[in-house]
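Each of the next two complexes has chain A plus one other chain: chain B in the first, chain C in the second.
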Partner chain A sequence: MLRKRIVIALVALIVCPTLMFAAGTVSGKVTFTGTPVKPKPIDMSKEPSCAKEHATPVTTETVVTGPNNALENVVVYISAGANDEGQVPPQAVTFEQKGCQYLPHVLVMHTNQELKVVNDDQTSHNIHPLAKVNREWNKSQPPGTPPISEKYEKAEFISVKCNVHPWMHGWFAVLNTSHYDVSKGDGGFKLPNLPPGKYTITAWHEDYGTQTADVTITGNETKDVDFTFKAKAY
Partner chain B sequence: MAKLFAVTIVVIAILSAIPIVMNYWGPPEDISTHGHGIDEQLKDTMWEAGISFLASQLILAAFIWQYSGRAKGAQLKTFPGGAKGLVVAAFVLVGTEILALGVIGQKAWAAVYFAPPNANAMTIQAQAGQFAFYFRYPGPDGKFGTPHADKIDEGNQNFFGLDPENDVDARDDIVSGELAVPVNKPISMLMHSKDVGHSFYVRELRLQQDFVPGLDLTVHFTATKVGKYEIVCTQLCGLGHYNMKAYLNVLSQDDFDKWMKDKASQ
Partner chain C sequence: MNGLKPTRNLLGAAMGLAFAIAVSALAFAQDAPDVGPHPPQPVKPMESHIGKLTGHSGAAKMNFRRYCAGCHGELGDGNGENAPWLDPKPRDFTIATFKCRSTPTGTLPTDEDLFKSIGRGFTNSNMPIWNTLAAQERADLVAFIKTFSERWEKEKAGDPIQVPAEPPVTIESIAHGKLLFTKLECWKCHGPQGKGDGPSAATLTDSKDQPIRPYNFAAGGDDSRFKCGSTNQDIYKIFMTGVDGTPMPSFNDVIKPNDAWDLVHFLRTLQVHRHSAENEVLQAAHGVIPPYTEPVAPTPASTDNKSPSGGGN
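Presenting the complex of A and B:
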């Protein structure tokens, strides 16, 4: 009897930690079907200090595609089941104004995570995130001034514009979780470190909309989830 | 002391007149067909005002020189007719001056504002918005698509709020950040503001017209020399007003056709 109990205890000791530290991954690719709009070149001639930074004019980034119909700049994140709403990462995320463009085009952050806005250009910018749920603000930033520090308290996808340069456009994705990725290059994304459980994955694209998928992680496996968006002709 | 003051007045008056008479800081080259009348008007005004200015300063200096030292018991000299006479004289003089300038100058004004655009003028639409100018050409179909204010999406380069998906006329419209025109071609420019007051000003064209929110205005001009000229906003419109400009690109007809083709393919 005692031996049986010892065996059970030993097995439990070995299995439990394994289960406790089990972490699965959701990965996949984001692609599109159909023919997307051609990116349009941006005329920066009214701001010569920025125009001269680009050998060829930059193009609009509303739809950025990669090889094999890959769709970039899609925010893929856990919208349900993540349980890390309160865990705000201590490091800041940076939004850069360079060559009169916003880099990156889509910046993801956790609610209450510090956002730093940097001006690397020779001209003044006036960043204006058009928040509807959070507080809407705009701030002027002459060249050489320190970064702007802000944070958002509620989850929201916020369209960002520059009041001085109408062609500048970007996005803030403020999420309740740190389990997110942004599709790049080949459209691939990876969400690692997922404890066993039921999750809803959401994929958001600024023009093509939102899609969801449900996934269950049981241990250390990698689940493959792909998203396909329909391109718009105009 | 007073005599020194009189001399100083004369010196200042002459020194001020020299740069104007010598045309040190003249306006830039006139590349328009109507600008000559405006330049003439400016010259006439300068001459007339300049002569009046010099005359008044010299007369003032003369009176100061002559009548400043007062001997005991000397009487104050007054203008013939007293104060009333002075006012009437000023009224007549200044009034004639302004009336004359107005009558002479009306032709210059009328050439821009009261003459209709040339029958074969090319129509271009200009939109001013904080803080850039954008220009729209109707494209091969010769028709402008309908603009929708709620569809304006500047991050996506849709500055006029066009709806090519549902509006066939909008599909071939060409939108540009620079105003390209063929040389010697009459242009009729439709103007409207996206938001607040702005103004379109090209020095070399001798043309300036405010964009008034809510009004659809038209100006017309013909550029006579190939080159790149600055269009600046000359109506305070907000924090980016200092930075609000575009370029007028006057091209030969061939270069303009190439430019249009290049834009249409984008």
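Presenting the complex of A and C:
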């Protein structure tokens, strides 16, 4: 009887650490159906210092697609089950104004994570995130001035614009979790390091809306979750 | 008597029917369809403090309905019955973003900021000058405005910016202001002469996506007022706190206070039809603003070979 208990205890000791450090992955692709609006070329002639940075005119970034109907700039994140709301990453994320464009077009950050806004152009920009849940602020950033440091306390998808250059448009995705990815190129995304548990994955596109999927991780497996958005005619 | 009885019964029946209709009409009225003005939900009473005055939201309810709700709406969301005819639109108090503040961009104004805004009105808009209301009434209305957004319960007002003493108006100050106006690219919206005709002016939209025009300094005759006041201190605060909810950003992080005063002096000369100390100085200089040269700091008598640092831009 005692030996049985010792065996069970030993087995538990071996198995439990393995389970404790088990981490699964959710990965997949984001694609679209239908015909998306063609990106339009942006006329930067009113800002010659930026126009000359682009050999060919840049195009609008509301819908960016890749090969095989891939949909880019979709924020895929854990909206339930992540339990890392209090774990604010110590490093800052950077939003760059370059060639009168925002890089990246969609910047994801954790609530209360430091955001640095940098102006790499020879013209002034004003950085005007149109927050509705968080506070709305608007600051001028001439060339050669230090980065602007800010942070957002609440989760929100915030539209960002520059009033001086009306074609400039970007997004801040402020999330309660660090389990996120942004689809690029082939529309692929990957959410690693997920302990066993039940999760809700949300995929957000600035124009095509939001979709969710539920997934359960039991160990070290990789679960495949794909999202398909319906393109809009205009 | 037999003849009367049927009449009385009919009368009774008619009255009973009328009564039933009335009762059911009342009951139906309480279940009215979801249209028409809703009385605001019970909210936490708020207070305001302006100097020695204390305002109470409870005391302002009737004044708000009488004077304010027509434009700002019963719910304080800017959707009053007059709103479709107005441009700019009435302020939406539910988002607690305000144009005229002494506090940094993105922060709540002080009670005094709101008190002044009500009393002063907003030039070039339909917001009247409410100095006709007693100070206590205006203080009560400030407290009432704070009931429309829970931000007032959760956040403190921002710390008012420090406005240093104004230096003398000189042609050098004006010249420096002109240089700043160019370097900070104010002209991109306001235009080179501040007429509101800059290259980006036509595409400006406010934070509710409504078209909005930049301020035209040259218009307005001898009484050119700004949205947020009429004094040099008011102009200083406008660009050092930004006009929240509009394209006008805050320049607080990129202008030094003395430089900001130079910019104020230059901006006054853009108000070409207004008598001002600045325009007098400009006239004394024959209407010509000289190019600005950075003052060179005196080289200390030492073996240090470093070049002197001039005044900051």
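Basically, the second predicted complex is superposed on the first by the 234 of 234 C-alpha atoms of A that agree within 3 Å, B and C clash if a C-alpha of one lies under 4 Å from a C-alpha of the other, contacts with A are read in each partner's own complex, and residues count from 1 in each chain.
To be clear about the criterion, contacts are C-beta pairs under 8 Å (C-beta built on N, C-alpha and C of every residue); 3 or more make two chains touch, one makes a residue touch a chain.
If you're wondering where the values come from, they're calculated on a predicted model, not measured in any experiment.
Once the two complexes are laid over each other on the shared chain, residue contacts for A:His169 go to chain B alone; chain C is not touched.
By the document's definition of touching, both partners, chain B and chain C, reach A:Thr123.
Shared-chain residue A:Lys190: touches no atom of chain B or chain C.
When the two structures are aligned on the shared chain, A:Thr145 is found in touch with chain C, with no touch to chain B.
When both complexes are overlaid on chain A, the residue A:Arg135 reaches chain C alone and has no touch with chain B.
In the superposition on chain A, contact of A:Lys198 is made with neither chain B nor chain C. Of the two partner chains placed by the overlay, only chain B lies in contact with A:Thr60; chain C stays clear of it. When the shared chain is aligned, no partner comes close enough to touch A:Lys230: not chain B, not chain C.
Once the two complexes are overlaid on the shared chain, A:Pro41 sits against chain B while remaining clear of chain C. The contact surfaces that chain B and chain C form on chain A in the two complexes overlap at residues 46, 123-124, 126, 140, 163-166. Within the complex, the chain C residues that touch chain A are 95, 97, 104-107, 183-185, 188-189, 199-200, 203-205, 207, 242, 244-254. Every residue of chain A that touches chain C in the complex is listed here, in rising order: 46, 123-124, 126-128, 130, 132, 135-142, 145, 148, 163-166. Across the interface of their complex, chain B is touched by residues 38, 40-47, 60, 62, 123-124, 126, 140, 159, 161, 163-170, 233-234 of chain A. Residues 129-133, 154-157, 159, 163-165, 176-178, 238-240, 243-247, 266 of chain B are the ones that touch chain A when the two sit in their complex.
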